[in-house]
Each structure stands twice: as structure tokens, then as C-alpha cells.
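Okay, got some structures for you below.
Below are two complexes that have chain A in common, paired first with chain B and then with chain C.
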Partner chain A sequence: MTAESGDIAVRLDSITKRFGSVVALDQMSFEVQRGRLFVVFGPSSVGKTTTLRTIAGLERPQEGKLEINGRDFTQAPIAGRNVSMVFQSFALYPHLTVRENFAYPLKEAGTSAADIAKRIDEIAQILSLGHRLDNKPETLSGGEQQRVALGRSLIRRPDILLLDEPLTNLDAKLRDDMRTEIKRLHRQFGITIVYATPDELEALSMGEEIAVMREGHVVQTGTPDELYLTPKDLYVAQKIGSPTMNVIGARAGSDGVSINAPFGNFPLSGVALPSGTDELKIGIRPADIRINSAQQEGIAGRVRLLEPLGDITIVDVDAADQRLKIVVREAEALSLQPGSELSFAFDPARLHVFDAESGLHMT
Partner chain B sequence: MADTEKKSLADRLGLKVHSGVGNAGWGRTLFAGVISFVYFFPVLWIILTAFKTHNDALAIPPKFIFTPTLENFVSVFSRAYSAGAVAQDTGFALYFFNSVFIAGTSVFLALAIGTLAAFGFSRYPLRGNDTYLFIILTTRMLPAIVVIIPIFLMFRVAGLSGTYIGVILLYTAFNLPFTVWMMKSFFDELSPDVEDAARIDGSSDRRVFFKICLPQVKAGLAATAVFGLILTWNEFLFALLLTGVDTRTVPVAMAQTIGGDIGVRWGLLAAIETLFLIPVIVVTFILQNHLLRGVTFGTVKR
Partner chain C sequence: MMKVWVVYPLRVAFASVPAALIVSALAITFLPPSVSFWVSGAVSAFSAFLFVAYAWGRHAGGLLVAPAIALLFCMNIFPLLWSFGLSFFHYRANRLAPPRFAGLHYYEKVLSDPVVWDRLQVTAKMVVLTVSLQMVIGFLLAMLFAKQFPLRRVLLILVLTPMMLSFVAVGAFFRYYYEPTFGLVSQAVRVFTGEPYVLLQSAAGATAGIVFADAWMWSPFVMLLVLAGLVSVPKYLYEAASIDRISHWRRFWSITFPYVRSLLMLALLFRTIEAFKLFDVVFLLTEGGPGTSTETIAVYVYRVSFQYFKTSESAALAYILLFTVIVLTNLYLYFANKRNRT
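For the complex of A and B:
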């Protein structure tokens, strides 16, 4: 956020967009630096698509300001933005061949036929679609359709590329490939990408910067590490990180520097709780909990079930009437089975403490 | 998954039509053949009769083996009105032209106007959109016989009786309601994302309509055109009252052929009818691939 304004490709400033009585975007603000792969992350119907459509010019916000490359485009028509978009449904022109799909944006821009042909060859090669140029979209596989959609968006060399859940309609294996593909294209073209996704893994693996959305506004913006290590509130803490952070109700200790949790008291590292704070939520990441060997002391628990995922196993544990998830390496999990007793521990410094009411992070 | 569904749909609609015995098996194919024959028999009967002499046409039991003659077809265009008189032009060449011209023009106009209206109803809904659509449909709810007298009077006052423009306007108005309804349902099926993609690619609303939307509803246009054509082509009542000597259409002229000194000339009528069938069959045949896709469009969830 310290960048010069000249380096900002897109800036949304308190954008509000209502559809009738429904508020889709509520004081939405963020900045995207030029050349970044910026992820807008949040569950479905949180306003991601509306955000992208607003940047593209398909929606006009009622309030707020939209700047693209430093110019005010809030109420401007679509033309002149030099923004292109890939839709979740791909939105290929079904009556046109792949070649004609590629040519469409160039034709609309008045590009010469020779230039169009050259650029189609170029993009077809980059996306390995050369053998498909004369096919209609419906005859292509999902992955090919996706690549055509990307190609059609990139062929006119936009300043900003908007990707609206581009991988949601693909099967799992293909998603991995396309994630790599999109990252490669991002590097190759060096353009600014705003990428909307409800998928946490996608957000973390693709995003150089991520805006976490909730009910039409941004809760927190940051790098994947920042969001993981210092979530601003409970919402972000539970959205980022898989499996989800364990969250347990707790009370503030009478001394203000410790916490009474169902399975013990923990010291607070560094900070003191503001006076009057009573109800708390504490969060601990499943990967921050370790299972003790028999000799070590720790919190007693009982295994509910195991979810082996290959390298790691997620252990579902009952401890002091709470349900926790613990991530352990496959080798450690071998000795465990549903019903068996175990003892576990964690570093109190790794605890996240939230205000129970506002959900804000307190440490 | 969506891919395979789409493909099998294309197979069914596009290709299997010509492919003889498909997955249905011989039993069902035979059954379908019998049903088709029952439906087709009256048409076959008319075509056979067209090639019969007057006596053969009246023979009981009906003759299926006979010496075909073309005299009925000649008589359609030129015949003597009484025994021994000189053969005269019957005017049927003009009537056929009238039918083609009137039906063609009014269907074209209805498609042009109706498609634009349908796109408006689909994409830029008004407050009370459904009410407007319903009102449009109500114009087809009155039986023709109820409105014919006021229309006849209005046409006389306006000087439209017996003119091409009058009957073309009327048929266009006839075809408009279902054209709007049908085309709207086709436009409703299109993905709005595709249009938005075109807007982002730099298209104006006008170009989105002509370059993106219209090509996608070609099947719908074909289906609507054929329905409108058949409806208009066969229309009799209004044509009887509102066309004049020069603008008469074939159904009216055919009716006026009934009678004469040797009773009803069935062979002649059948010959007119046979010729009258040809244009509709040709158009339907040309459009049949589109038509099949058109009439089943929207019945399959995509």
C-alpha cells in the first residue's frame, strides 16, 4: 500500500453496488499494483463477481470511485478500460470457431486482417491450440475451452485481466495444470491479474496478494503468509488455512495476561488483554499442535477418527468436551486408531486470541 | 459430463434423422412407420388423386392401380369452362404468386419485428413485462370469426380491402404474437455471460445483437419461420374476405374451383393441393435440421 499511485493498476475506493434492495458491494476498497496477481477470495455470493464486473464496466456502482491506471472510470463506458475478463462459464461464442473467437476482440478493435492472423498463430502456439483453431467450442474439452477463453482475453493485450473463478468448472486434475498455466501466462505477459476464487488453495497458491471478502467488503488484504500468520479476525483465520483453525471458547484470566481454556490455562505472550474483556475465542492451527510421546505430559484426548491424506493425516480428537483437528505426519499416525488415547501439546505463543463478540484478533 | 450430454443431443437431432434404424430397434421402427403411414395417408390420397382421371377419382372401391395422367395439372392453369369451349387461363399462376408473396413477406416482417421485440422483452424487461407479453398473446385468443367483421369494415374504410399491403399487414399481425413468444424463449436460453464477454471485447449493444445473439438463435428463427409460413400459407377465412381478384391466394381460389357442370372435379382440386404442398415441403426440407433443433430447443436442460 506504500506504492506510488502510478504503480496502481486498479483502485477501488468505497465502492457500493446495490441491486434493488440487495447490497452486493458494501464500501469495497482495495488496490492492485501493476503486474500483480491479485486474488479476491471469499465464499460464493460474497460479491467477487460483482467486483470484477464493476472493474470491467459491466456494472456501474452507486457510490465510491473506481480508478484504472490512475484515471477515474467509475461511470465510464466499457470501452477505453482495456480490461478483459474470463468468465466462470468461459462464455465462448458458441457459433464461432476457436479462430473466430480469438479474432472477435481484434475485429471489434479494427485490427487489420494480417495482424489478426499473426496474433492468432501466436496465441494458439502459446496455448497449444493450433490443432483446434477450426473447431467449434462445444467440441472442445473443458480444459481446451478454458484455454480458448484465456486466449481470447489475452489476444488484445489488455492492461488488466479479470479471471472469475476460472477453474471452478474444471475437474480436479485439470485445475492443477491450469493453475500452473495461469501463473506461467502471468509471468509471460506481465499483466495485472485480478483473480476471483472461492477456493482457499487456489487463493494461497496463486495470489501474490489476497483480499479476503465478506458480505460485500474486504476484511483483510495481504500476502498469503500475512493472512495465515496474522489474521485480522476470526473470519479470516477460519477462511485461510486447511484444515480450518481450531477455535475454542475461553475466558480471560483474572490477571489479564493469561487465558482459561477448557483444557488448561495458558499465558498470553507479549500483550495484555484490555480490561473488561471476558469472553474470548482462542484459535490454534491444526499444524501447530503436536502429539506427545508416552513419556511427555500434555493434554489428554481421545481419537475420534482419522483422515489419511497421503503424506499427512488429519486426526480428529475429543479433548475436554472440545473437538480438535490435529495434523500429523503419516508415520506418526500409524500408531493411532479411532478410540485410542493420546496426549498433545502446543506452543502457547502460537495461540491466536480473538474477542468473542467482535471476532477481532487481540494479540 | 455436460459435454457428453451435448454430444448425444447433437447426434439425436443432427444426424440420426437420416440414419435409418437407430437405437430404437426394428419393432419400434416398424411401429413408427405404421403410425406415420396412417398420418401420411390423406396426403398420399390427394397426391394419387391428382394423377387420376375424373372417373378414376370417383371409382368405388378406390383404385390404387391406374394409368396416371397429367391432365389435372394442365387444367389447374388453363382449361375450358364448358364443354367444347376454348381453354382459358385460370389465373392460378397469379394466385400461386400471391400466396408465396403474401406469406413470404408477412412471415419475414413478423420475424424482423418480432425478433427485435422478443430481444427487448428478454434483455430489457419493462416493469410488468409479463403483462405486456400476455396482452400480446390475447390478440390471438379471439376466434377469427369474431374479429372478421370489424376488421372487414376497418379495411374497407382504410381502403385496404383487396390490396397486398392490407393482407400482408394482417398476416404480419397474426404471426407476431407467437413470433415474439417463441423468439423470446430462444433468447432467454442464451447465456448472458456470452453477451457480456462481447461487450468487454468492444461490441456495442447493436453488434452484440447482430453478431452474437442472432446467430445463436438461427434454429429458432427457422422453426418460427416454418410455423408462421404454414399458418399463413393455409389461411382461408381472412383471405376470402379481404383479398380481391388480383390478390387472391390459392386457398380462396381453390374453394372457388369447387362446382361446375360435371360436379366437383376432385382430380383438379387434388392437383391444386399437390402443387400447393410443394413450397411448404421444400421450405421445411431446407430448414429441417434447424427446425428439429429449434422445436426441441429448451426442452433439454443444458
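For the complex of A and C:
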């Protein structure tokens, strides 16, 4: 084992998993550094849960290789992997109290009673569940059940913690709290976490590294900033960032260094279009567009809708038969109303250019 | 509730009765019988339909269940009360003499009768044996059928069949099964001993034969209940347990069993009550013999009431048994609930 591979907690190498004729994972590959909070992100039924279940050992892939801490575990039984998992449904043992739920994974490992009690106290204190230890799970609130599920996974100090959409069943306010909570636990325990979520906000706010999934494979892996600033293709560009990136059909200019978009020509900066490229898609983030004051020149548009969100307002604009979204600060939006004319502009350097056919980012 | 039913008042329904009569009369007078039969049938059905539809629209559910209640009263409730009354009178169903008041005489007689206590002991023995056998076999069958394997559905249907057979069929089947000259049991034993084997001639053999037949018939019932519990365990609990590296034994006791426990208690209750009334199989197989060694209390009640025609005494005995079962059931439920709460 080389020093470098020792830092990789989980490695999936071209994992393929089929259920009958359905391909759940198609050449799935990624690496998770030890101690990372790694997010597997993608819409529902894209294979996130199957990925986690494969790492846990609940599913055996047909092809590919799974390594945990540098050892091949592709077809190994569950027992040998020091992996624990929090299910979307929490999967608390309904007939056991919170204390017994915590103790359950420890009893089997032959931990002494005194040690078990100590660890339960410790985990209950960390998760502030001390007053709930003797209750049955069904009497707990959703957030408490979630914390019990986390505690039960953490109590036997696994190498890797798998979290399968752990916040999906919680309400919005609790989700915010639990996001912070999980990040705190991650720092405190320093364990590797693989976290599956369909929620972009969760992915960006929690992930130190994010794998964006599409149809059973990883499209791009990177830090939140990398994914936001340099998406590999149109799919990632539209999945990351809220509101969604504006995407407009365009054509390559005849000089090869400019683009003809419906509302004007823009110079290409730092992009060399390969010859023969004609159909393009250009993307511009709603936050990268600014609304001009009346005397400045810009692209003319008409306001369709306003979505005030408190601090910011999303302005839905019609310009040259295209629909665009623009994010402005709330103060700037005060003068706007549906139907009013405006002019806007953006820095051409912030344009993302994609090949219309393959969707790949052209940089 | 569909509003269409309330659009007409009740008098429409009432008016339809003379209308139906007139139409029927006319039809019978002027049409050939084969046609008028159907015409009058149709108009009376329509008239009846108007009443039912009206009652339905007015949420008059009581009217709709009235025929069922009336039947239940005639066939069930009234005879029950009547026989309860008879247990306080001197009365024999095969004599014409009117009932004479007897007070608690028959209750006293039954409770101090050593024969009754003997029959109760026989019954208790049967109940314990057959119910425990049913519970064990039913539980094991359920564990088997909770898994997926080829031909599972077909086998499940086969295993459930005994429960759906009539008692008489089961009784006749086991009579042949235990039959000394050509019965399967006797022939199997003959292979080893060279002699025909009469299972039902000894007290222990007869008891075993009855217990086996009853358990054969009712183990599937226990299996059904337990199976319902087993399949209701969410799969993710087993997955969580396997990730938590829990042994199969502990998994069974702390995850599976709690889902089955209440159903198991229910099965125990149902089967105990039923076994307490064990009659059909005993009567068909041994008629209580040899001697009275397999005569359960239910068979004894039958004898007292329909062979000795001591109607009052049998009524008193039957009510004592009913009372016992109700008290025991309630005690059982009380303790079961108390246990579940804690």
C-alpha cells in the first residue's frame, strides 16, 4: 500500500450494478479522501442510494471494484467493513429504547457494559439526547429520531459513515439545523462521510467535495466552487446554482472569436472554438447579470414576473424572445414591476459556452 | 353518498306499492302466465328498490340491516336467552311436561359432579397438547414461508387447505388414516412389528390421534397470523441490523419477534378458545373413547343434552363453560395489554 492510496478511504472503480434489465450504476467511479465529507449529488433515482448500499455491502456490483482503506471489498460480506449507514427512513429499531438502539451495535462487538454506558452517555451528550434515552423511537420528534440514527451509526466509531438523504424526511427549519449539526459532528469525529442528497443547497453547503451523478455515473467531481465556476457540461451547470443558469441557443461568429446570441454579439474570452463548431449554447448565471440604470446602455428587456425572496429578488425577464432570470438585491427591485422595461448587461468573461450537441463546456 | 337517492320523497315509494299491485293484476289478467310472472316480479322489485334507495339516501342504515338483525335474533339471540332461562327450570326436551322452577339446583349439581371435573381435566390436557403443538408447528411453518423459494405459492395453498376443510371431512380422513386394517399408520407400523396397529385403542394413543388431527387442521391458522407479522417487518430494519453487524439470534429476538408477539398472543387466544370447545374431531374419531378417556367437556355436554336429554343440566353446564371462557379470556387480555403497555 503506497502512502498515497492510504489516504483514500473509499474508491469506486467502474462499478456497474444491474437489477434485472435496469442499470442502476453504470461505470460509477470516484475516490473519497480520508476524513472528507463527500457528497454524492443528483436527482432522485440516479443511483445515489445504490452507490451507498454498494459501499455498505448491501448490494454486490456485477462489475468494477470497490476498495475501502485500500483493500478490495467488492464481493466481501458486510461484516468486515467498518462502515455504518444512516437510512433515509432512519431505520431505528422500533421496539428498543433510544438507549438500547445505541447499545445495539456495541453489544455484538463484545464491548463491556461499563464501556457501553460510557459511550452512550458521551454520544447522548453530543447529540443532546440525554433526556430521551429511555423513550421509544416512535415518541420522538423527527429531528430527535434523526439524531438517534446518527448516534447509533457513530457510536461504534466506524471508518466510514454513509448518510442516505438523511434530511429528506425533516421539515425545512430542522434541515438547516441538522446540516450544521452534521458538519459539526464531522469535524468533531473526523471520520469520512459519504453523503447522498438530491438537494443542491445541501450538497453545496455541506460537501467538501461533490460528485454530480447522472444516470448511474459521475459526471463531474469537485469542490462546490469548482462545480459552480467551471462546470464540465450543461448538466452540471444547470444542476449547480440556484436559480438555474440561464441557457440560450447561440451561434459561433464567423471570426471564431465571437458569439452571435439573440441579443447581441459577444467576444469570446479565453475560449478557442474548434473549427466546424457552429451551434452553441451559452450560459449565464442569474447572479452575473446586473440591471442597468436608465442612462446606461444595455440589452433591453421586459419584466415578466418578480419573485421577492427577502434579501434578493429573482426577476423573470423577456429579452429578444428569450426568458432570463436575473438575481438582484431587494432594494434594486423596488422600482420594478411586471411589464416594466429595463436594460441589463453582463460581463462577457462570465459567459459559459457549451457545445450544443454534446453539452460539453468549451474552455 | 350519492345525492341522487334523496331527490324523491317517501310517498313516491309508498305510491309505488298500489301501482305495482295494479300493474301486476292487469298483467296477470291480460297476459299469458309466463310473461306476467316476469312483469309482476319486475314491478315489485322496482317498488322494493324505491324503499331501499330512499332509506339509503336518508342514511337509514338501521332499516337496511333490520332483516339481518331479525334473523340473528330468531336463530341466535333468542335461543341463547331461552336456554339460559331453561337452566333454572326442571325441563327435558323429550318430555311434554311444562318447565318447573328449579332455581340454582342444576348449577349446584354440575359444579359438584365429579364426572364434570374429570371431563374438564381431559379437556385441559387436550387444550394444552393441541394448542402448544399448533403454536410450534404454525410458527415454524411461518418462518419457512416468510422466505422466498420456488413453488412457495403452491405449497402455501397446500398447507392452508386443512384449515378450509369441513370438520367431518377431516374426521373421516383421519379415521381412515388410523384405521387398523388398511390405515396408513397401521400399515406403516406393521412393516416393523408384523402386527396391525390400533392407535385409538389406548387412552394415550387416542389422545395423540385427536391432538394430531386437530393440530394438522389448525396449525395453518397460527401460521397465517404469524406470517402476517413476519412480513410486516420493514426490510430496512434487517439491513440496518446487518450493517450494525447484529447476530441472527439477536436480530430475531429484538427485531422480528416484537412484530410477531401480539399476533402470536392472538393466535394463542383464538386457538385456546376453540380447543376448549373441541368436539367434532373427538366425536368423529373416538366418540370419547376408549372408555371416557378422550371425552372432552364439549362431547360431555352433547351427551347430557342430546343422549340423556337432561336439557336443564346441560344448559347449566354450557353456561358455566361460557362464563369460564369469558372470564379466562378477559383475564388473558388484561395481562396481555398490561404487558404490551410496559
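Throughout what follows, the second predicted complex is superposed on the first by the 360 of 363 C-alpha atoms of A that agree within 3 Å, B and C clash if a C-alpha of one lies under 4 Å from a C-alpha of the other, contacts with A are read in each partner's own complex, and residues count from 1 in each chain.
FYI, contacts are C-beta pairs under 8 Å (C-beta built on N, C-alpha and C of every residue); 3 or more make two chains touch, one makes a residue touch a chain.
Since we're looking at a predicted model, the values are computed, not measured.
Engineer: In the superposition on chain A, see if there is space for chain B and chain C together, and answer fit or clash.
Structural biologist: On the shared chain A, the partners clash.
Engineer: Contacts for A:A300 in the overlay, against chain B (first) and chain C (second): which applies, first, second, both or neither?
Structural biologist: A:A300 contacts neither chain B nor chain C.
Engineer: Scan A:A345 for contacts with chain B and chain C and give back first, second, both or neither.
Structural biologist: Touch partners of A:A345: none, neither chain B nor chain C.
Engineer: Kindly classify A:F87 by the partners it touches after superposition: chain B alone (first), chain C alone (second), both, or neither?
Structural biologist: Touch status of A:F87: both partners.
Engineer: Go through the superposed model and pick first if A:E138 touches only chain B, second if only chain C, both, or neither.
Structural biologist: A:E138 sits against chain B, while chain C stays out of touch.
Engineer: One more residue to check, A:Y104. First (chain B), second (chain C), both or neither?
Structural biologist: In the superposed model, A:Y104 contacts both chain B and chain C.
Engineer: Under the contact definition given at the top, report the residues of chain A touching chain B in one complex and chain C in the other.
Structural biologist: Touching chain B and chain C on chain A: residues 56-58, 78-79, 83-85, 87, 89, 91, 93-95, 104-105, 108-109, 152, 156.
Engineer: Where on chain A does chain B make contact in their complex?
Structural biologist: Result: residues 53, 56-58, 78-79, 83-85, 87-89, 91-95, 104-105, 108-109, 138, 141-142, 152, 156 of chain A touch chain B.
Engineer: Along chain A, where are the residues that touch chain C in the complex?
Structural biologist: It comes out as residues 56-58, 78-79, 83-85, 87, 89, 91, 93-96, 100, 104-105, 107-109, 152, 156.
Engineer: Which of the residues in chain B end up touching chain A in this complex?
Structural biologist: Listed in rising order, the residues are 3, 6, 10, 191, 193-194, 196-203, 207, 212, 215-216, 218.
Engineer: Under the stated contact criterion, what part of chain C meets chain A in this complex?
Structural biologist: Residues 234, 236-237, 239-247, 250, 254-255, 258-259 of chain C touch chain A in their complex.
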